[in-house]
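Below, chain A partners chain B and then partners chain C, in two separate complexes.
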Partner chain A sequence: MLHRESGFYKTDYKSDMGLYRLPISRFAAFGMLVLFFAVAPLVLSEYHLTLLSLVAIAVVGALGLNILLGYTGQLSIGHAAFMSVGAYTAANLANNFDLPFLITLPAGGLMAAAVGVMVGVPSLRIKGVYLAIATLAAQFIIEWIINHSPSISGGVQASIEVDRPTLLGVKLDQPAELYYFLLIVAVIAIIATQNLIRSRIGRAFIAIRDQDIAAEIIGISVFKYKLYAFAISSFYAGVTGVLYTYYLGIASYEQFQLGVSIDYLAMIIIGGLGSVLGSVLGAFFVTLLPIGIRLAMEEIGTRFVEHDVLAQVISQLRQILFGVLIIVFLIVEPDGLNRLWINIRNYFRVWPFSY
Partner chain B sequence: MSDFQFATELFGQGVANGLMYSLVALGFVLIYKATDAINFAQGEFVMIAGIVVSALLSPAYGFPIWLALFIGLAFMVIFNIALERVVLRPLIGRPIVSIIMATIGLAFILRGLGPMVFGAAPRAIKLPIPDFPIIFGPFFFNPIQLVGAGVSIVFLLGFGWFFMKTRKGVAMRAVADSHQVSSAMGINVEQYFALAWVMAGVVAMLGGVLWGSMSGVDTQLALVGLKVFPVVILGGLDSIIGVVVGGIIVGVVEALASGFIDPYVGGGTKDFAPYVLMILMLMIRPYGLFGRKLIERI
Partner chain C sequence: MLDAGAAKSSDTILTVANVAKSFGGVQAVNDVSLEVPRGSIYSIIGPNGAGKTSLVNMISGFYKADRGSIKLDGTELIGRRPSKIAELGVARTFQNIALFRGLTVLDNLMLGRHVRMKSGVLSCFAFWGPAQREEVEHRKRAEEIIDFLRITDLRRLNTGELAYGLQKRVELGRALALDPTLLLLDEPMAGMNQEEKEDMVRYVLDVNAEFGTTIVLIEHDMGVVMDISDYIAVLDQGVKIADGTPDRVKEDPAVIRAYLGASHLQDKV
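So, the complex of A and B:
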């Protein structure tokens, strides 16, 4: 049977550490690719495609934060600040030097990585709460610096308009074109993260997360790998910022404030710490949640209260539900959506028997 | 006015405001000391207390001031006991990120709930305090600042006394030191967790009324919570003296920075300078001026 694990014998380490451990995973991955590349653009309307584009952007950012927090165990509340670094780098390069998208995208990521390493340096001495507060400070300081240097932020409004990206001579200004492009970037990010985690670096990250002193004793340079984690995570964040900038057509520091950092933290906590699938599920969940809440409110809420009253409380309701969800997930299912999926899978694995 | 005069005046303002920051940060320290939980919602506690009291005082309810304060206090105490019971207790022993995220979630809820229940319009808390300025030599104060600083000092001293001299205070320090050992010695640890949250609620209520009467009450009041982190990092996460010193430093730095640097960079230094100071402190002495140095054992 295709979905069973029995009958597949791994005789060497290489196959045990493969990207697809079972034939079905290869099948499932291919199925998802077909679903998102071929079926979704055919079935969904333009509006829904733009939503999926937003999810694709969020996936990249959530993966980055999960590498840092979920795999390496370094708490960062400044993820959005690194995004803003990437966003403004790309916007400035694109506008002042007229560089193409294929250069500004990695450039934004690299700049964010450089800033991330600087923020990561204190992580040698401080951890846990202190690191969380230090990254919170980094968020404010980066935000303030960008906002107060006209040469970076482009003047009074602290926002720079950018043109739509051009790729191989095609200007990506249709929602479907943008969607394809963002989807490709997200898929690359997912595969890259999967591979990173299987590699020596990824295993070092996990060792540091689980017990940093023991990791140091078995010969992992903790400082070096913590900096790697910060650099890689910030690179992802920077790329997210660049994508977001091109997606919206404007780089503005207001899109990268503290609340966004917290959104991303919520994504990986709701999705599942230390899991690639969890990052993706979390990105879906948190990005679509406000839209879902709004639709639900308009559907159900208007039956009880006036439309105007509802419009006033809807943003507050969104905040309340968001907070409640975070707390409920933390208490009831601390391993997030990823754990739910594993539970479902384990149930069907032995179905129809109970174990 | 010379620069020096200007600086002294800012200094006085900074000390008075700083003591009020200490009061807000005290709630954070009390919780951290006893339960090891990092409370990212302290600013929102202050906000919700301010909103409740100002709503009770508003014409819609029209309570007298003493009754409003009393109801506000009772509300915060009950609210925080419930909070500890429902949200924080299931999370005991979880990684630090869980607790931080839970309090952030709490902050979201409070920020939504306060305006939704009591209305989003800014309100004032009118305390029976005169509003003519008081002048002490070179210093120049708003009476509410003096009252706030005075209340802060009284409460900081009171909590200092509580921790050093009373039986409950000693028990609480024991709980802070080690949950397991104090539990084995017959201390009801959970009861002290609840007590810590109650005290934090009382402090938040005072902070809400004082800051609310100074700057008006709306969701912006929660931003005072962002000053908590520089204060507690400078002073040390678990030190009450540290809170006083840290608060005064943050207040003074912020006043001087906004007075002298703002004209050159176009505003915003007030919120920025304390964080720079905090980063420096984290690099040099992460456990703060008076904090306990953490020694890690395997």
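So, the complex of A and C:
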């Protein structure tokens, strides 16, 4: 059988460490690539492609936060602030020095990583709720600095307009072109994260999450690896910020306020802490939920409320549902959508037998 | 066991000199000195609260000694971070198991290899190439230890799912994966049944004999300690009251007093 371990014997360690250890998972991964690269742009409208583009951006940010919170166990409520660091870095570089995205993208990430390390330093001393407060402070401090430094934020309403990215002389200003650009970055981020997690550094992160004392005793410098986690997570956040900037055509601090940090926390809690697939599922879920709510409310909403307050209700409903969903997932399925998927998979792995 | 002790090389791997540690008003360890010969099994015994675990915690860098010196092959350990001490080849297990419960047995052992691996951030992101080669190379050593401890069938299980005795064994494996020159075992047999204890004793002896690892052992089971130790140090209320070969320690009046109480000694005398 294609989908069971039995019958597939690994004869060397290299193949045993593969990302996809069963043929079916390799097929599934390939199928997903075909679906998103070839099928989606053909069948979906421009509007739906822009939605998928937003999901692709969210995937990168959610992966970054999951590396920090899900894998290393360090809570951050300042993720959106790191995104804004990346966004403004790229916007300034692109506008003032006319640099292409191949440079501004990593530069935004690196600048965010540098800021992330600074914010991460307290994590060596404080844990849990106290670290959450420290990162919350970082969220407001970074926001304030950007907002009050004209040299960074460009003055008027602290927003900078940015041209669409160009690749080989082609300006990516069609939704489909932008979609491909964002999708490729998201795929690279997914694979890089999977690689990181199965290697030496990813294991060290998980060790710190599970037992920081034992981690130090077996030779993992908790000091160094916590800062690594903050740097890598912030790098992802910075890249996310750059992607938002190119996608929206504008860098604005309003795109990166506290609510966005909470959205990303919701993504990885709903999707699944400490899981790459969970980050992706969570990014889909949280990005598309508001759209789903709006569609549903436009269908049935007028039966409950007046038409002219509907828009208000929809935006409030989104916040309420997020709150409820986070609580429900924390209680019922703390491992999130990823665990639901694993349960389904385990069921079918032995199907039609019960075990 | 005396013969075995004499046959091993006689130089000292670990020298603890006049070490002291107090917590608030409590003097946990007071002016303790030990010399652990290379390749020996060196047991530290004593009643509860004698300062055994505190002493081991100072050796592994988890506590910082107030005074004194701890030298591994002439290198001062006091003041170094635990991770640096691990890099020098000191591994340990914990009294209450400290495995990484979210990871498989194999990953726990690979974490033991962490200090022997060198891949940086970029090669880990790329994985294919240098990082993969390094993983494969160190996986071999991890698998040797899995074979050695006969836990091949548990490789892919999360350590949180294992029975207590097996968790203790995996923790020993994780320490061994570091290829330590000095192995600190804090009550490796606590809470085990007779069979599990015998298994563990065999593994401790095998590690000592096969890898030549020096072992510092804290254990309450006197039968085990007297049987397998080359040397024993006895602590009581933070002070070393006796040391030497098992036969000498067994006869020491101070030891008998600490363990059995003064009145018993008087009856006996």
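To be clear about the criterion, the second predicted complex is superposed on the first by the 349 of 355 C-alpha atoms of A that agree within 3 Å, B and C clash if a C-alpha of one lies under 4 Å from a C-alpha of the other, contacts with A are read in each partner's own complex, and residues count from 1 in each chain.
Here, contacts are C-beta pairs under 8 Å (C-beta built on N, C-alpha and C of every residue); 3 or more make two chains touch, one makes a residue touch a chain.
As the structure is a prediction and not an experimental result, all values here were calculated from the model.
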Examine A:G274 and indicate which partner it touches, taking first as chain B and second as chain C; both and neither are also allowed.
second
For A:R125, decide between first (touching chain B), second (touching chain C), both and neither.
first
Could you tell me if A:W144 is touching chain B, chain C, both of them or neither one (first, second, both, neither)?
first
On the A-aligned overlay, A:I213 touches which partner chain: chain B = first, chain C = second, or both, or neither?
both
Where does A:A94 make contact in the superposed view: on chain B (first), on chain C (second), on both, or on neither?
neither
First, second, both or neither for A:K14, with chain B first and chain C second:
second
Looking at the overlay, does A:A107 come into contact with chain B only (first), chain C only (second), both, or neither?
neither
Could you let me know whether more residues of chain A are touched by chain B or by chain C?
B
Can A:F322 be said to touch chain B (first), chain C (second), both, or neither?
first
Using the touch definition from the top, say if A:R198 reaches chain B (first), chain C (second), both or neither.
second
What part of chain A is shared between its chain B contacts and its chain C contacts?
213-214
Given the complex with chain A, which residues does chain B contribute to the contact?
38, 87, 90-91, 94, 96-98, 100-102, 104-113, 115-116, 120, 226, 229, 233, 237, 265-266, 268, 271-272, 275-276, 278-279, 282-283, 286, 296, 298
Complex interface listing, chain C residues touching chain A
60-62, 81-84, 86-87, 91-92, 94, 98-103, 107, 110-112, 114-115, 117, 119, 121, 123-128, 131-132, 134-136, 139-140, 143, 174-175, 178
Can you list the residues on chain A that touch chain B in the complex?
69, 75, 122, 125-126, 128-130, 132-134, 136-138, 140-141, 144, 147-148, 213-214, 262, 265-266, 269, 273, 312-313, 315-320, 322-327, 330-331, 334
Which chain A residues qualify as touching chain C in the complex?
12-14, 17, 192, 195-196, 198-204, 206-207, 209-211, 213-223, 228, 232, 274
